[in-house]
Amino acid sequence: MSKERVAYLNGEYLPESEVKVSFRDRGFVLGDAIFDTARTFEGEIFRLDDHIDRLYRSLKAVDIDPGLSPEEMTRISQKVVEKNLPLLEEGEDYWVFQRVTRGERALVGDPQHGSGATVIVECTPLPFKARAPMFRDGIDVLTPVIRRIPPECLSPNIKNVNYMNLVLAEDEVRGYAEHPWAVLLDTRGFLCEGIGSNIFLVREGRLSTPRSQFVLEGVSRQIVLDLAVELEIPVSEEDLTTFQAETADEAFMTSTSLCLCPARTYNGKTLGDGKVPGPVTTRLTAAFAELVGHDFVDQYLKTLKQS
Amino acid sequence: MSKERVAYLNGEYLPESEVKVSFRDRGFVLGDAIFDTARTFEGEIFRLDDHIDRLYRSLKAVDIDPGLSPEEMTRISQKVVEKNLPLLEEGEDYWVFQRVTRGERALVGDPQHGSGATVIVECTPLPFKARAPMFRDGIDVLTPVIRRIPPECLSPNIKNVNYMNLVLAEDEVRGYAEHPWAVLLDTRGFLCEGIGSNIFLVREGRLSTPRSQFVLEGVSRQIVLDLAVELEIPVSEEDLTTFQAETADEAFMTSTSLCLCPARTYNGKTLGDGKVPGPVTTRLTAAFAELVGHDFVDQYLKTLKQS
Amino acid sequence: MSKERVAYLNGEYLPESEVKVSFRDRGFVLGDAIFDTARTFEGEIFRLDDHIDRLYRSLKAVDIDPGLSPEEMTRISQKVVEKNLPLLEEGEDYWVFQRVTRGERALVGDPQHGSGATVIVECTPLPFKARAPMFRDGIDVLTPVIRRIPPECLSPNIKNVNYMNLVLAEDEVRGYAEHPWAVLLDTRGFLCEGIGSNIFLVREGRLSTPRSQFVLEGVSRQIVLDLAVELEIPVSEEDLTTFQAETADEAFMTSTSLCLCPARTYNGKTLGDGKVPGPVTTRLTAAFAELVGHDFVDQYLKTLKQS
Amino acid sequence: MSKERVAYLNGEYLPESEVKVSFRDRGFVLGDAIFDTARTFEGEIFRLDDHIDRLYRSLKAVDIDPGLSPEEMTRISQKVVEKNLPLLEEGEDYWVFQRVTRGERALVGDPQHGSGATVIVECTPLPFKARAPMFRDGIDVLTPVIRRIPPECLSPNIKNVNYMNLVLAEDEVRGYAEHPWAVLLDTRGFLCEGIGSNIFLVREGRLSTPRSQFVLEGVSRQIVLDLAVELEIPVSEEDLTTFQAETADEAFMTSTSLCLCPARTYNGKTLGDGKVPGPVTTRLTAAFAELVGHDFVDQYLKTLKQS
Amino acid sequence: MSKERVAYLNGEYLPESEVKVSFRDRGFVLGDAIFDTARTFEGEIFRLDDHIDRLYRSLKAVDIDPGLSPEEMTRISQKVVEKNLPLLEEGEDYWVFQRVTRGERALVGDPQHGSGATVIVECTPLPFKARAPMFRDGIDVLTPVIRRIPPECLSPNIKNVNYMNLVLAEDEVRGYAEHPWAVLLDTRGFLCEGIGSNIFLVREGRLSTPRSQFVLEGVSRQIVLDLAVELEIPVSEEDLTTFQAETADEAFMTSTSLCLCPARTYNGKTLGDGKVPGPVTTRLTAAFAELVGHDFVDQYLKTLKQS
Amino acid sequence: MSKERVAYLNGEYLPESEVKVSFRDRGFVLGDAIFDTARTFEGEIFRLDDHIDRLYRSLKAVDIDPGLSPEEMTRISQKVVEKNLPLLEEGEDYWVFQRVTRGERALVGDPQHGSGATVIVECTPLPFKARAPMFRDGIDVLTPVIRRIPPECLSPNIKNVNYMNLVLAEDEVRGYAEHPWAVLLDTRGFLCEGIGSNIFLVREGRLSTPRSQFVLEGVSRQIVLDLAVELEIPVSEEDLTTFQAETADEAFMTSTSLCLCPARTYNGKTLGDGKVPGPVTTRLTAAFAELVGHDFVDQYLKTLKQS
């Protein structure tokens, strides 16, 4: 099939439909797997080094040896994108994933050795069209009841596939707003993070986001923190309450795929005057677009005009 | 290959080597999957109804529709065992797993529908030989630093594949004793559970185990609780401290695969006089064996004589 | 106006429209007030002694002296009902409230003495019609994000007017179901209570409700606990999780006004087969009705036939 | 009565003795009410805009619509003071309160609409004489056992009338010192706030106060934070322990009525050399007085000379 | 000096004034020491076996080897009492202490071995006179702000000399009542224990005391639990709140030295009608006296008549 | 004995073997004692003022009156060193301790007064040889399961002798690495402190250490914080997770005796490339040595060459 993308699996570049894992793989039976995710801008993977660094920190923290050096992982990631670029439609970009599991092994508690890691590198077009309405209208952030797993149980800094906690959070708020996005509280009751995404608030001209110990240290999150310093917007990482969120002037989410997307409501309460993006969000969006050399908002919005 | 076991995958019984899942399956990329596990005694699945009930409670809690009724799941489980019985060596028994994922779907947050659940039912011989030394010498229970995920984040009553927390716990204690087994504390600092296993203490003739809200409600755990009542051994579910564990007279672990296996030390401190099994454990082991109609300890121990 | 009810205010029985409190009353400016609430069955106040006892325990806990003995408070309560009985329509009953504030005083921190307590005793017809659909269809219990105030800050055993926490909980779930009722979690993440109401679960024939330290010790709650013992339904006060609630076979709320009203869903998940009331709830409802000598369910339901 | 002050009640300016609320008002029966409080300096309301802003943030957080714009609320507040100025004795100033309740409504859980908000704006002379000894001798700060309600239950940033928690704290320390003032701990065990007041510590020339998420964001507190920056006194919001308080060099309370009042002891331990105000407090007091254009300490102290 | 008592120190029976420890002893420099304490009734040590058992459990938990068997420790304890009996005045009894430190050692972190344990066994007359007013009037129980160290930091079941936490608790309440006794809360906010003593409440005929995981498992506490069962007084170990304590009908403390002593107030609130001992306390006191064969209350009270 | 050191005991300078305390001293029986510890560099006590200040803050916090002014304590400390200097071998230095107990007293709860404080000032050669391998190879930091006592129970800022919690932590990790050093977590799950020592991490050029509320405010810790500012190394006090520690580039411990000693592993994971000291540690070590005018690393390392 000429239209099928390829992905890397343990040394080979295969059509995606042939990239399958054994039901005995620990990534499948135990969620014993690490991943990371980057995106391209106009075909180039953005900040791939930062993503590969984070991937290897996560692997170190859980003692999985991918059997590849960071440099090799980088090259494979680039090659996967390169091979799939011809399949990209105009205006599209790729979401790029590295996935590493501990591989197959005899079952839990048994001492014998296993198969070595399973490594998959793959890409998929970013879901611009599906998310474009959020860029147009703003996200409706909602707090689910379920709390984010605390660092003493499993550090959110380790980007691993144990997403059930986040999946249930999303499931909980679905249907409670037009463009719902769950931002969980941590076990102390403070704002934490959404599924694969970080939250920022703007209050009286000051920017704030939850502390890095409690959330995934998002690459986009770090970009926003850095841009704020450059733009001389006062910025801090701190414990934030739902009161502060609900009465904020502006709020936005960041993630690799979103870059930065404004929120219009928080727990049903209109933020500022309800028009998105607000002034601080607008400045940061422009600076972000300039940094990446690409108008990512327009990339989302123009899909709205397509039939 | 005449020697290969078969497993059920979405309606088909296939050789295990052909049972593979897409790298896009949510069970693989997000740990968005539920499972349960039973065992056979002399070829018959024990308490399959209890396991199927628990499987469907877990599925309900995370809103995954397996597309099969409990009765169908029961019949498939029985059929998988039946088909594989000829491959079982003398003295062996099967560990039987039902696995249900949310299937393939467009990525997170996108509204479109997916593929329907992925259902796998499979079996594998129980690791009698690997664990036999624990039955002979007793388990060395150790408390890892990492804490068990609390119910407000993800109920341990939901048997799902997000095992990274437990995998890291095991990893932490490995090498710190001859037969190490990690029993995590909950976030309140009380004894919780081990990987796929429950802990019991015996103190001055009284049996106790952590409260059911904080642990997987193991079928073997319930059997022990019921047997204790029958044997008129005072028994309770309660919050237990490491002090109580380290100064206990006896302790043992329960799980589907172990049934009930004695511990000899707790955090390096000898339990009672160090001889296993202690008197209460011995009584419960005998009653358990009688209930299942099978000397499961002997089944473990006799593998020690094999070359 | 011949149709106006009277209420007791500091020694006088006045038409309700004349029962007003100063904007300087500490009950109004600081929520520095205690209350209790009973109901009549066919014109008789039910278990008034229990309610008066609880009222005086609450008063003792916050050091408010009502200036009346429990016996006087009892007689006033009876007299208020007696005076208002002629205004009660057929099939109706009264909700009876005792309210005691610390009265007027110089502002916070100043040493001078105040006015003495403000005491109001009043009654109002129970809202049978408004709540009848809940008895017909079952309540949709929902968990709000906001947590119940913990005992170390303000004991829920003290029935005081600081209801903002509960008001916000109700506000949060409104609109998320047809017959929504918020049951908050405590700060530890366990089921706690609803506004003026207690929650019970039925799981495998066993009845359970949150521990008394964390909730208002409802008079109806105690009746149900006592009836369960009489009916030989196993019953316990314990820490309960949302998993246990969502997978329960039955659930119901108790309160002075509801007596006992079944739930049909918990966090959107159907309880049992979704028919209300379930078998255990039915037995307890019948026993409750017998105890009070009145078919309170019918009293609710027959308002549905009224235009 | 020519000597009676007037207050605003739902559109009317009435003599205070006629400003009464129904016993059915939700502010009275459920503490379902918001307020704010400012003071005058020489007849002018200080920072009224900040107080009105905070009032409307609180109203938004609990979804009460006062039926008045912030500008209207501002004008009413000014008018209430204006009307009552002639009654002010020399050297006195007014404490000004805006109070907004959700009004009357059918009881809890019933869907029908209510009366609209109850709005009261009133003023009362500040209690200079009663508190003057604290300015002369210093406050004796004491830690009560009762803990401040945590933000996940009810944000202290919402200035609402649920003061029972604080009333009990004050009640607890009364009689344990000459000029007692309760500063509660939060549920994590750190210094939090007093009734309507904030605590500051001075340690080795550095000023610190509890973090804004855990306390009412006092207008006077913010003034002190701003003045410290101007005076180049190192200052931070942070988690503070009783050890740090008891061994501090200086401490003081801030509130709208106190502005800034020094403490002499903390839990019975003398602060610094026990002379009040200490050097940093003295500098901040002078700067505060200059900012408001009024020697508020002298205003307190000269009442001591009056018979 | 013929009047001097002797004590056991590392193998010798010496006059008390010669029983000294090096300032390098780890018991002195690090609090690295375990102890236990029993009392005599008419010259016989009561339940010495229970105390020796507890001593050895504590020693095991902290890995101190006393170099003596439990039987030897028992004999030494008896001999110390025997040798000192002639010095006991009429009506007096001995308080008997076993003390074991880890001995002298090179400082922290250094690998070399030390001196072996330091063992002291000593006795002192019980302070009947000093405490007699408590038996006559009742104890005034007070809650200090400082919280009891939680089990995950240091189990209260280990009777060790790290009493600073309890010493500060006592210091805090001293002077706040006539017969003050501090009962700390645990870190969860529930009643815990006093210095070397346990608290019991009586509410509506039911007896309760904090759970054993959170307190020293007092020998007298266990006696009361056992006596309650014998007397058919409903009894439970549970989490108790200050509300429950302040509104209890009766309360009492137990300890080796007190046996069982009634409280008259809790946090300043009168328990029941304020007369001590209350009816349940009276029954338990009588049963306790009968068990030990000695009227211990009279032993206290008759010291009041002495000049 | 000409070779014996002398120590100060309650007014006298005695040979160490004569410095003994009664077994009735509260420092011995209740751990009711405060201490501090400094060291000499080439015979001079370093920052003695800071240590004496901290000693007196600790004494104030627990209300022990040493009966000596800070100036007297300073002079005694200097004199003890002076008297013992002749006994110091070449290349050695003294560890200097002030120890103050509440002295002897009648037992707990009795009102009568005691003996006054026991004051000991002593010195001992620093254990250079025993710890030199840590300077050569790096410390292996390990997290024990036991948690550090939280400030609401006993502030770690109070340097008192209740070290059982820390002794058990050390005991737990002993044998799990070549140069093990326990750094406990606090009860919130963040890095806290080791026995008499503070932990620092270096991540991407930034230095961080746990917040001062949760640890002993070490004098060496403060020196490092100050040096970092001087060297323009970004530095902060913050909550740190084990993930951050295990993936740090460098880490080191500080204490009076160590000054600053590098770590090579954290929970078994190699820090950076595993070579110690890393670049930031090297800069800080050099600056520390310059500040104290002494190459303390060399002082440790040269003991390795001695037989």
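Which chain is which? They are A, B, C, D, E and F, in the order written, and residues in each are numbered from 1.
Heads up, the rule we're going with is that a residue touches a chain if its C-beta (ideal position, glycine included) is under 8 Å from a C-beta of that chain, and two chains touch if they have at least 3 such contacts.
Predicted model only: the values in this text are computed from it and were never measured.
Shared contact partners of chain B and chain D, listed by label: A, C, E, F.
Common neighbours of chain D and chain F under the contact definition above: A, E. Of all residue numbers used where chain A meets chain F, under half belong to both copies. The two sides are thus made of different residues. When chain centres are defined as mean Cα coordinates, C lies farthest from chain F.
Of all chains, the one whose Cα centroid sits at the greatest distance from that of chain B is D. Mean C-alpha positions place chain C and chain E at a centre distance of 44 Å.
Here the CA centre of chain A is 57 Å from the CA centre of chain E. Chain A and chain B have Cα centroids separated by 33 Å. Residue positions 147, 150, 152, 158, 185, 189, 242 of chain C each touch two or more of the other chains. Because contacts link the chains in a way that matches no line, ring, star or complete pattern, their graph is best described as other. The list of touching chain pairs reads A-B, A-C, A-D, A-F, B-C, B-E, B-F, C-D, C-E, D-E, D-F, E-F.
The touching residues of chain B, when paired with chain E in their complex, are 185, 188-190, 238-244, 246-247, 269.
Every residue of chain F that touches chain B in the complex is listed here, in rising order: 143-145, 147, 172, 176, 185, 189, 242, 267. By the touch criterion stated above, chain C contacts chain D in their complex at residues 7, 9, 16-17, 19-33, 35, 62-63, 95, 99, 102, 106-112, 120, 122, 124, 127, 130-131, 146-150, 152-154, 158, 160-165, 167-168, 170-171, 181, 187, 195-196. The part of chain D that touches chain A in the complex is made up of residues 57, 60-61, 150-152, 155, 157-158, 211, 213.
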